[in-house]
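Starting off with a structure, shown below.
Order as written gives the chain letters A, B, C and D; numbering starts at 1 within each chain.
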Amino acid sequence: MRTRGLAVGPEFLQWFGLFGAALTWTVQLVVGFGVTIARCGPANAVLGVDVKAWEVALMAAGIALVLLSEGAALSVLWETRNVDESGPPPEGRRRFFAVAASIGNLFFLVIIVLSGTGAVVHQPCHPA
Amino acid sequence: MSALPHSGKATTPRAVARVERARLARPNGWWGMAIFVATEATLFGTILGTYFYLRFNNLHWPPPGVPEPKLTLPLVLTAILVSTSVPVQLSVSAAARGQLPRARAALLFAAVLQAGYLGMQLHLFVHDVHEFPPSGSAYSSIYFTMLGAHHLHVFVGILLTLWILIRTASGLTSYRMNGLRATAFYWHFVNVLALCVLGTQLSPLA
Amino acid sequence: MRGLRKEISPNRAVFEPGERERLRRSLGRAGRIAIGAAAAIVLPAAAWAGNGQNALHPASKQEHAISVLWWVMLVGCSIGFGVIATLLLLGWIRRNRDYLPFGGRDRAGTAIVIGLGVFVPIVVLSILFVWSDLYVLKTTDAPAANSTRMSVRVIGHDWWWEIRYPGSRAVTANEIHIPVRTRVDMLGTTADVIHSFWVPELNRKVDLIPGRVNRLLLDADRPGEYRGQCAEFCGQQHAHMGMTVFADSPDVFQRWLANQERPARKPATPQAREGERLFLSLPCSGCHMIRGTGADGTIGPDLTHLATRDTLAALTLPTKPADLAHWIEDPQRYKPGSKMPGSALTSSQRDALVAYLGYLK
Amino acid sequence: MATTVTEPGLRRVERLERIWVEPRGLLGWLTTTDHKRIGLLYFFTTLAFFGAGGIEALLMRTQLSQPEEKVLSPETYNQLMTMHGVTMIFLFVIPMAIGAFGNYLVPLMIGARDMAFPRLNALSFWLFLASGLFMYASVFMHAAPNAGWFDYVPLALKPYSPGRNIDFYALGLIFNGISSTAAALNFIVTIFKLRAPGMSMNRMPLFCFAMLAVSLSLIFALPSLTIDLVFLELQRNLGFHFFDVPHGGDPLLWQHLFWLFGHPEVYIIILPAFGIATSIIPTFSKRKMIAFPLVALAELLVAFIGFGVWAHHMFATGLPTITLVFFAAASMMVVIPSTIQVFAWTVTVALGRPEFRAPLMFIGGFIVFFVLGGLSGIMFAAIPFDQATTDTYFVVAHFHFIIFGAAVFPILGGMFYWFPKVTGRLYHEGAAKFSFWLAFVGTALTFFPMHVVGLLGMTRRVYTYPSSLGWDAYNLSETIGAFILTAGLLLIFANLAYSRFRGAPAGPDPFFGGTLEWTTTSPPPPYNFPVIPTVKSAYPNWDVEDRRADAARLERGELVFDEGHETPASTVVDAVPDEIVEMPSESPWPLAVAVCTGLLFVMLLTRHYAVAGVFAGLALLAVAAWHAKEPLET
C-alpha cells in the first residue's frame, strides 16, 4: 500500500501496533489448539507431545509480542498527542488507529494469558 | 484533478505504461485478485488443517496397505512449477514497460511449463487412484481431495494465462494489463500453495 | 442546516447545574430496573421446582455448583442490564432538553466508554473465567478414570437408551437405577447417530458420539426420580427420547440389580404361555431379547424385565396393559418413524402377548 | 447541495444523465449493474424469503402452542425447523443486510458512483437468487433438509439420511457461498479503492467499517463451510471417508469445520446491525458518535475474535478441558468489543439531544435485545453452565434475541431511516412508532419465556412435548407473542408500501444525516453524485462549507467526471485520488453465468456429473464473453 510521501518508521509502528497482537493471538490459538488435539489423539502414541511445555512457551512468546505491539501503539499515540483523530492523514489516521490499537491489544493480552493459564492448570486430556 | 491518469482511456502499450508509472496504488483488479487469493488460501488452510486433524486421529498414517507417498517425482515437478513464477513476473514487468511481445513470450513459456506439470501430475494422480482409491480410508480421501483441489487450481491458472494471451493478441489495454497483473498474482499464490501441499503430502516421510 | 451546524459545534458550555441531581436520581431507577429484570427471570423459574427435569433444582453437588454459577451470573447480568438501561433512559428523559451535558464534548463520554466498556468487563470476565472455567469445571468434568466404585454404560439408539451394568448381566432400557449418595461413572456412547445424555437435576449434559466413550458423574444426594431427555437432535423422534434415573437406597438398588440379572420368569397361566409362544413365533423375537427364551434380537430394547419398568418407548407411554396393547398394535401412531412395525393381531392374541409381557417382572 | 445549479452545472448534469442511463423495463432490471437497482433486487428477494421463513416459524409455534399438538408430522416439523434456520440466516438476514443495505448504501456513503466490480455485483445477486430457488425447490418436493441447520454427521450421512434432503442443503449452501464470497470481495475492494478524496480510513463511516468487517469475515469464514460441505457430498455420494470412525474419520471434524464458519457467521449476521445503529444514533442524537475510533475497532475486533471461539458450540462433546479453555477465554473477551459499542451507543444518546423518531426507537429496542442476548451469551463462556443449557430452549432464547432482536430490529429501523432516501417520500411516523411497540412486545413475549422453559429442561428441536413438565404456559405465551410480532411486521411493511405511493415528499436530507448519502437527491441519480464530494471529517454532510464547495466545483467542472462512465479510484489507506476508472455498464452475462451455475448444481444434485461438467464449461464461456467486452467499448 504505497501512498504519497510517508516516512516508513511511524507507518510501521502504527500497523504493527494494530495487527501485531492480533496475529500473535491467532498463532497461539491455532498452534495451542493443534497441540492439544495432537496430544490427546490416538496418534500421540507415536508423536509424544509435551503439551505443557508448548503452552507455556506459546504463552510467554505471546505475552512478549503483545507487549511489543502495545508499546508500538502507545508510542504512536504519544507522537500524535496533538493530532485530532479525524484530522488529515497520515497523522490523523495514525492517531485514529493508535487509539484503537492501544485499547484493542489489551484484549489479546488477556486472552493469551487466560487461555495459556487454563491449558497449564488443567491436566492434559482430561475430558470435560 | 483532470491530471489523474485515466486507465480506461489507456489503449496502447505506451499509454498503459504511462498509467502504470503514474499510479500510486495497485489497481482494483489486483485488489480483487488479492481478496480472492485470501479466501482461496483459507480454503487450502482448512484442507491442510483437516489433513493433520485426521492424521492426529489415526495411529497408523498412512494406514496399513497404503504405500508411503513417493518423494522424488513430486519434488521435481513442484520445483518446475514454482520456477514458472519467474517468467510470469518478467511478463508483468515487460508489459508494464509497454513491451508487449516480450511479455506474451514469457507468459507463453510459463504456460507451456505449467501445462507439462499438470499433465504429469494428472498421470500420477490416476496411477495413485488405482493403487489406493479414495474410498479406502480417511487418509486416501483427504490425500486425493487435497491434490485434486490443487490440480484444479493449476488448471484454472492455465485457463487464465491462455485468456490473457488471447486478449493481448489484439494489443494491450490497461484493462488487460490489470488482468495480467491479477493472473500473475494468482500464479505466485498457486506456486506457494504447491509448496505447502507438497510438504503436507510428504509429511508421513518425516 | 446552519442551525444544526451550530448545535454540533464542540467545546460549548460546561457541566450544567442540576444535571448531577438528575443523574443521581435516575441511578436510583437503575437499581429498581436491575431488581425488576432479575425478578422477571427468577420468579417463574424458581416457582417451578417439581417437574423432575429442572436445571435449577439441583439434586447433586455438581448440579448445585452449576446452579450457583447461574444465580451469580444472573445477578451480575441484571446489574449490567440496569446500568445500560439507565443510560438509555437518561437519553429518553433528556430528549427535550436543549443543552448538551459536558458541553457536547466527547472526553467524558469516551471516559465512560473506556471505563465501563473496557476495564470493568475485562476484570469481571477474567474473574468469571477463573471461577467457572478453572474452578467449577473441576467439579463438573468427567470423574477421574477408575475413581468410582461402580459405573453404568449408556448406549444411545434411535430413539431409546440401552443401559448396561458392567460386571453384571443386567440389561435394561430408558430407566437407569443408581444407588443414592454413590459416585457412579456414566460411560456413554452411541449405536447410531449423535445423542446427548442430560439429566438436568443431576449434572450437565454430555454428547454420545460414535467412536468415543464420554463420561459423566452421576451422584444423587437424595433418593428420587430424575427425568432426562436426549438433547442433541437425532432425527425424527428426537422429541420422544426420554429417560428416568431412579436414585434408590443401596439395598433397594442391589435387590433391583439382582432381579435384573435373572433370566425371564416362566409364564404360569395358559394365556401367558400362549403369549410367549406368539412372541417367539411372531417377528417380535427378531428385534427384542428376552433372556432365558429363544428371543435374542438386539435391535430393540431388552424385554427380559419389561414389567419392572414404568414406561415404554423411552417415556412415550406407561407400561399399563391397555397402553401396552395399543403400542403393540400400532407403535407408529404414538411414535411415527420408530423402528417397531405395527402388527395385525386378533384381540385374543394381543391379550395373550400383553399377559405374557406383564409376567416379565 | 444541488440547490443553486446554473447553466454550466446543469449541462454537466445532463451529460451525466445521458452517460449513465440504463435500459428501461424488465430488460433493464435483468442486465443492470447499478448498485442501487441491485440493492433493490436483493431487498425484495430477501423479503420474500423472510416471508417464507416467517411462515415456517409460525407453523412451528402453532405445533408447539400446546403439548401433544398434532398440527405437523414430526418429519414436516424437522424440515420446517431446518429450513427456518437456513432461510433466516442464509437467505434473509445476511443478504438483506449486506446485499440490500450494503449494496445500496456503501457506494453512496463513500462518495463513489458504483461498486468496484458492477458486473460481479450483478452476478452475486443472480447467484443468490438461483441458490435460494434451488434450496426452496426441495420444500415443494417434501425433501427439504431435515437434519437441523448445523446438519451434524452421522445423522446427515447416507445411512441415516438416504434422501436428497441433505444434498439440497449441502449443494445449496455451497452455491449460496459463491454468491456471498463474490459480494464480500466486491465490498472490500469498493471500500478500499473507491472512497471519495480525503476520506482516509479515520474518516470512514462506521457503517462502512461494519461492512468491511462483515466482508472480511465472509472471505475467511465461508471456505471452511464450503470445504466441510464438499467433504459431506464426497462422503455421501462418492464413498469418501471423512466423518466415519471405522475408516479413520471423525464425526467431530464436521463440527469443528462447521463452527469455524458458524461462529463468525453469528457476527456476520450482527455486524451490519451495528453499522446501521451507528448510522442512526448520531443522526437522531444530533452529535458525533462518542469514542468513534473504539467503535470502529470494536466492529473489526468482534469479527476477528469471532474466529477463535468456535469450540464453545462443542463444550458438551467431551473434548479435553485443555482444548476448551482456549475457546472459553476468547468467548469471554469477544464480549468486550460489544460492551464498547453498547456504551458508545447509549452514551451518545444520553449525551446528545436525542429525537426519538421511529428509527431511533427501533435502535433502542435493538440495544435492549442485544444486551439481553449478549448477557446470556456471556453465560455460555462459563463451560459448566454452557454444558447444562446448550441444546435447550435457553440457547434458542439467547440466539433469537441476538439474530432476531438485535440483527433484525436495526434492519427494520434502517428501512424507515433510509426509506426517504430510496423513495423520496416520508413514511408515516405514528404508524411506524406503533408498529415498533407491537414488534417489541411480540419479540419479548416470544423469546423471553424460552429462557425459563429451557432452564426447566425443555430441549431444542423437539416437535412436541408432554404436558407433565410445566412447559405449557410458557410455550403458549411464546406462540401468542409470535403472532403479535407478525402483526407488527405486517404493519411495518404496510406502512412502507403505503408511503411509497402516498408519503409526503422527503427532500434530499429529511433527518440531517451526517454521511454522504444525504448530500445527493432522493432517490439518488444513477451516477449518485453530480460531483464527487471531498471529505474532511467523519460526518461530511455536517461540514456545510465543504458541501457548498461541491456546488461550486460542479460549476467549474472539477471532480465531475462527465466525459464517460467514470468514477475516481484512490489509494487504499488515505484515499488520495489516484486514477480515473472507466466503469462497465449493463451486461446480460452475469445472469447467463448464474443460470449455467444453477443448472450445474441441479446436475450435481441429480448426479449427472458429465452434464454438470458441460454446464461448468458453459459458465466459463459466459465468464469469458463477459470479460471480452471491456468497459471502454461500451
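Everything that follows uses one rule, which is that a residue touches a chain if its C-beta (ideal position, glycine included) is under 8 Å from a C-beta of that chain, and two chains touch if they have at least 3 such contacts.
Treat the numbers as computed from the prediction; the structure is a model and nothing was measured.
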Checklist entry - Comparing B-D against A-B, which pair counts more contacting C-beta pairs? => result B-D
Item to check | Geometric centre distance via CA averages, subunit D-subunit B, whole Å | outcome: 32
Next on the checklist: How many angstrom lie between the centres of subunit A and subunit D, each centre taken as the mean Cα position?
Outcome noted: 29
Next on the checklist: Report the inter-centroid distance (CA atoms only) between subunit A and subunit C in whole Å.
Outcome noted: 38
Checklist outcome for this item: Residue numbers in subunit A touching two or more further chains are 1-4, 37, 103, 107, 110, 114, 118, 122, 126-128
Item to check | Junction residues of subunit C, two or more chains touched | outcome: 114, 118, 122, 126, 129, 133-134, 137, 141-142, 214-215
Item to check | subunit B: positions in contact with at least two other chains | outcome: 24-25, 53, 57-58
Checklist outcome for this item: All chain pairs satisfying the touch rule are A-B, A-C, A-D, B-D, C-D
Checklist outcome for this item: In the complex, subunit D touches subunit B at residues 116-117, 120, 181, 184-185, 188-189, 192-194, 197, 219-220, 222-224, 226-228, 230-231, 234-235, 238-242, 247-250, 253, 256-257, 260, 558-559, 564, 566, 568-572, 576-582, 620, 624, 627-628, 630-632
Item to check | Complex contact set, residues of subunit B against subunit D | outcome: 1, 4-9, 11, 19, 22-25, 27-28, 31-32, 35-36, 38-40, 42-43, 45-47, 50, 53-54, 57-58, 63, 134-139, 141-142, 145, 159, 163, 167, 173, 175-176, 179
Checklist entry - Given the complex with subunit A, which residues does subunit D contribute to the contact? => result 198, 200-203, 292-294, 296-297, 301, 304-305, 307-308, 311, 315, 318-326, 328-330, 332-333, 336-337, 340, 383, 387, 536-538, 571-576
Checklist entry - Quick one: in the complex, what on subunit A touches subunit B? => result 1-4, 34, 37-38, 41-47
Checklist outcome for this item: Contacts from subunit A onto subunit C in the complex sit at residues 103, 106-107, 110, 114, 117-118, 121-122, 126-128
